[in-house]
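Given below, in the form of structure tokens, are the structures.
Next, two complexes with subunit A in common: one pairs it with subunit B, the other with subunit C.
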Partner chain A sequence: MNKTIEVPALARVEGEGGLYIGIKDGQAAEIRLDIYEPPRFFEGFLVGRYLQEVPDITARICGICPVAYQMSSVYALENALGVTVTPPVRALRRLMYCGEYIESHALHIYLLQAPDLLGHESALSLAAVAPEVVKTALRLKKIGNQILIAIGGRSVHPVNVCVGGFYRWPDSEPLKKLLSDLEWGLEAARECVRWAATLPYPELEVDYEFVALNHPHEYGVIEGVIWSSKGRKLPIAEYEKAYIESHVKRSNALHSHAVDGNSYLVGPISRLNLNHEQFLPQARVALKESGLKLPLRNPYKSLIARAVELVHFYAEAIQLVRAYQPEGAAHLELKLKAGEGAGATEAPRGLLYHRYQIDEQGCVLFAKITPPTAQNLPRIEADLYALAPQLVAMPQEAATLTAEHLVRSYDPCISCATHFLKLKIEVK
Partner chain B sequence: MSDSIKPSVAVYKFSSCDGCQLSLLNLEDDLLDLAGAVDIAYFLEATRAVKPGPYEVAMVEGSVTTPHEAERIRQIRSEARFLIALGTCATAGGIQALRNFGNADELARMVYPHPEYLEYLDKSTAIAEHVKVDLEIWGCPVNKHLVLECTAALLQKRKPNLPQYTLCMECKLRGTTCVTVAQGMPCLGPAVQAGCGAICPANGRGCYGCFGPVAYANTESLTTTLRALDRYAGETALLLRNISGYAPAFRKAAETLFSAEVTSHKDPQ
Partner chain C sequence: MSPEGIPAIVAGMETCPTFEQGKTGMKIIVIGTGQSLRGDDAAGLEAVRLWREMYPQTANRPEVWAKTVELIGLGLLDLLAEAEAAIIVDAVHSSAPAGTIHRLSPEQVSAFTPDSQFAHGWGLAETLALCRTLYSSRAECRLTLIGIEAGQVEMGAGLSLEVGAALPAAARLIEEEVQQKLAG
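Now for the complex of A and B:
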């Protein structure tokens, strides 16, 4: 049986991409995730900039996860200078990341993916029939943004992050005032997990290699080692030895692979499978209540993984806000020297790796950025191949939606990915 | 109001980070009311549903950086009664306009092993360099409340109330002590359009110009003062040549500084 599925412009993803699936005799003959998001050359124009400008510039790679770009940059540059931030700075960085996870996950769960599961075009059409769900979603998301505003002045491209810490300690009062909202959010996030567990996910089981940061004392987000379900544990500085990019002619894109040739998965499913023991108790309970069997191998159910993480990050935000007290200098006085450093943190959609070389005046000589979506692209395509036999049996509209839904479930950030994608832009 | 008399709105993405469109979705308290007051006819970031044009209002995020985008913006203009350029990419070329100061082919070779696969223009340019723009809302990202104000003004058929003063006024309004005067930090505030709420000085750092130059920016006087305060080679010049670097006032001011400093600092791309 033959079938062609074409989605010229994917909706409810960040950035611009299209999807083409050609099925011949019941098997996928051609699958293309077309990335027509234009290249913006970030690694190129970081060269020649002063190191304190880097977190402001890399934030602009992605409006949805600017904190991830700022964090991976500052850790890489701090490693280049051989400095470590103080524990209170580190705690505030975690809190900032909590804000980003909350806004990004709430956006993806309710506004980007859930409409697929509930038969809607968008959360706006969903709001017409289930206004309470959408109002809860918007409030959950808003609280994450409010954390970012309290720390960084605004939620998109916050301005307080610098190499060595923060420009200044945020005032305590606006943060403490969020506590009642955060308590509400924690309950709403638990409810979100229960609700997420009841949604009708398409069936697909994939044998993934899971890759995520792992930290011995906390749910891995900043620092730690890069852990793979194949047993590989590597310091961040050795990431490029194990995960390499190769040119795949079929998609005209550079894809990331592990050295053994495997494509691998980054993002919430990998984090949950590898690091669930480090969840805070509230998230461990939520995970148990969700009834998920680990390891989770259904990409569509990443929504449930996000919901459980939402519980974790609300619970962690409450702890960190309660404990917050400015202490010592907000940032280190930097002694500049020439050097090279790598940094990796877990963006909401997966591992984000940066490496920089700087000269003795703090001027960037080289920059390399590997975003999560770039690492997941080969997996998305492989999953679509695995899905193809199911698609054949479906009516056209259902098959198109199921394929689109798969891509959306990865929460791909195409705006991010194009800084490295070697793409051919097809003008149609 | 029924759909038939609600003004239709289309939201488009060009070369950008998605942050300005996200700012629309970040209107959490007002999003459902806004969606009730207008007919969202095209907004891929939010919905699969697409209604055919023409549209009453087109909001365009991003700059023009590819031949395809140069064509597409003309098509969008032809289908829109009122076109809004949303954010500093759309109003000045944005951060990706840093390519305009170097050689785009060289940058492509630095980042991509097969630059021949890419289609791009030499320069990243503002929407107004390609088509008539009816309203520009600056910011990286835009201030969502100003976008809401402009939308409300359009619905009420009045002129939008956008701040016409500099960032300095916002520092005064929030009681922030001047970081240049008190701490000797370079800050672009005296030449920058208000709109962000002066968040950088409030966080103990100088403004780096996300909201672009004011119409009457006296960059000559400003750069004379700031250059003397540079804490690293070319700080003031780099502040100018950043997010809004291709806006004419900042472009000229930075060019003057870079040509003066050519022996002491390496010019970034």
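Now for the complex of A and C:
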């Protein structure tokens, strides 16, 4: 049986791209995730810039995960300078990252993927029948944004992050005032996991190579080693020895592969599978209550992984806010020198790697940024190949929605990777 | 480009006008939105800036809050929650000549079809539709949309001559709307 599925503009994803699936004799003959959003040249913009401009420029790569771009860049540049930030700075960086995870995951769980699982075209139609669900989502998200405002002055593209720490300590009072909202959010996140576990996910099991940062003493977000389910554990500086990017003619985004040529998975499922032992107790209980069997191999169920992470990051945010007490200098005094450094942190969508070369004046000579979506693009296409036999048996509309849903379950950020999505499925 | 960038950013932290703090006592919010790097899409931003310059006595009243936002998204819900009345100024696209000024009531605004190509599919039309669905009492707040017909929205372009010439009239209309809402 032959079939063509084409979605020229996939909704509820960030950025511009299209999807084409050509099925011939019951098998996927051609699957293309076409990324046609124009390239954005951020790596080129950075060349010649002073290093302290880098976190505020890279933040502009994404409106959903600006903190991730700031954090990976500052860790890479601090690596180049050979400096390590103080424990209070590190704790505030984790709190800022908690805010980003909370706002990003709440947006994706409820407004971007849940409509697919509940048979709605969009969050608008979902809101018409389940207004309380959407109100909960908006409140959960807003609390994350408020953390970013308290630390970085605004909810999108915060401005307080610098190489060596923060420009200044945020005032305690606005953060402490968030505690009651954070306590509410923790309970709402637990309820979110229970709700997420009841949703009707499509069946698809994929044998992934999971890749994520791993830290022995905390849920891996900043620092640690790059861990693969294939047993590979690498220092961040050796990332490019194991994972390489290559140009794909049809795409304005690079595609990443492991050096053995295989695709790999980054993001919430990988983190959950590799790092669940480092969850805070509240998230461990939520994971157990969800009934998930690990390793999780169904990409659609990344929603549940995000929900469990939502519990973790609310719980961690509460800890960090309670403990927040500005102490010492907010940032290191930097001694500039020529050098090269790599940094990686876990963005909500997965591993985000940066590498910079700087001169003795601290100006950027070279920049390399590998976003999570570029790493997952080959994996999304491979998943669609695995899904193709199911699509053949489905009516056209259902097949198209199932394929779109798969792409959306990755929460791809095409703007980050280039880098909007359009889908076409063709049966011949 | 230089280490001098650091204090500039630090100073920005303390005075940055984009700090998302409400204004105590605020009853009427005037929101200019659009993208400054896309030609006439910046019409809403520029119209609100010009209104502030032309009518500082109104713009500086404690019960009036003027805000320019490039990508408003779901944050609009929170801004509307804080106001008794709202005026949103944005570029619009219809078959009218560039620079034509439209005044749309809440009923007319609700006729917008959500078809945004904004990040994650959330633009002004979607957010206003969500506001109406979730918070009917809030949606009944007195909302007026002033639309300025865009000509060109090319990346990196400035305002077209037609839209630039329409800004004083748009500022006057903003002032009329604010005065009407202040009068109740």
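In this text, the second predicted complex is superposed on the first by the 410 of 428 C-alpha atoms of A that agree within 3 Å, B and C clash if a C-alpha of one lies under 4 Å from a C-alpha of the other, contacts with A are read in each partner's own complex, and residues count from 1 in each chain.
Following the convention adopted for this analysis, a residue touches a chain if its C-beta (ideal position, glycine included) is under 8 Å from a C-beta of that chain, and two chains touch if they have at least 3 such contacts.
None of these values were measured; they are calculated from a predicted model.
For the composite obtained by superposing both complexes on subunit A, the positions of subunit B and subunit C are in clash. Of the two partner chains placed around the shared chain by superposition, neither subunit B nor subunit C is touched by A:Val74. Of the two partner chains placed by superposition, only subunit B is touched by A:Pro66; subunit C is not.
By the touch criterion defined above, A:Leu377 lies against neither subunit B nor subunit C after alignment on the C-alpha atoms of chain A.
Once the two complexes are laid over each other on the shared chain, residue contacts for A:Leu387 go to neither subunit B nor subunit C. When the shared chain is aligned, subunit B comes close enough to touch A:Ile57, but subunit C does not.
Contact with both subunit B and subunit C is seen for A:Lys142 once the two complexes are overlaid on the shared chain. Of the two partner chains placed around the shared chain by superposition, neither subunit B nor subunit C is touched by A:Leu351. Residue contacts after overlaying the shared chain place A:Glu43 against subunit B, while subunit C stays out of touching range. Shared contact residues of subunit A with subunit B and subunit C: 9, 11-16, 48-50, 53, 56, 63-64, 107, 111, 122-124, 127, 131, 134-135, 138, 141-142, 145, 153-156, 159-160, 162, 167-168, 362-363, 415, 420. Residues 1-3, 5-6, 9-10, 12-13, 16, 18-20, 71, 73-75, 77-78, 114, 117, 119-122, 126, 129-130, 133-134 of subunit C touch subunit A in their complex. Across the complex, subunit A meets subunit C through its residues 9, 11-16, 48-50, 52-53, 56, 63-64, 107, 111-112, 122-124, 127-128, 131, 134-135, 138, 141-142, 145, 149, 153-156, 159-160, 162, 167-168, 362-363, 415, 420.
Residues of subunit A that touch subunit B in their complex: 9-16, 36-45, 47-50, 53, 56-57, 60-64, 66, 103, 107, 111, 115, 121-125, 127, 131, 134-135, 138-139, 141-142, 145, 152-157, 159-160, 162, 166-168, 247, 252, 254, 361-363, 404, 413, 415, 419-420, 422-425, 427. Those residues of subunit B lying in contact with subunit A across their complex are 13-23, 25-26, 28-29, 31-32, 35, 40, 44-49, 65-69, 71, 94-96, 98-99, 102, 104, 106-108, 110-114, 117-120, 124, 140-141, 196-197, 199-200, 202-205, 208, 210, 232-235, 238, 242-243, 266-269.
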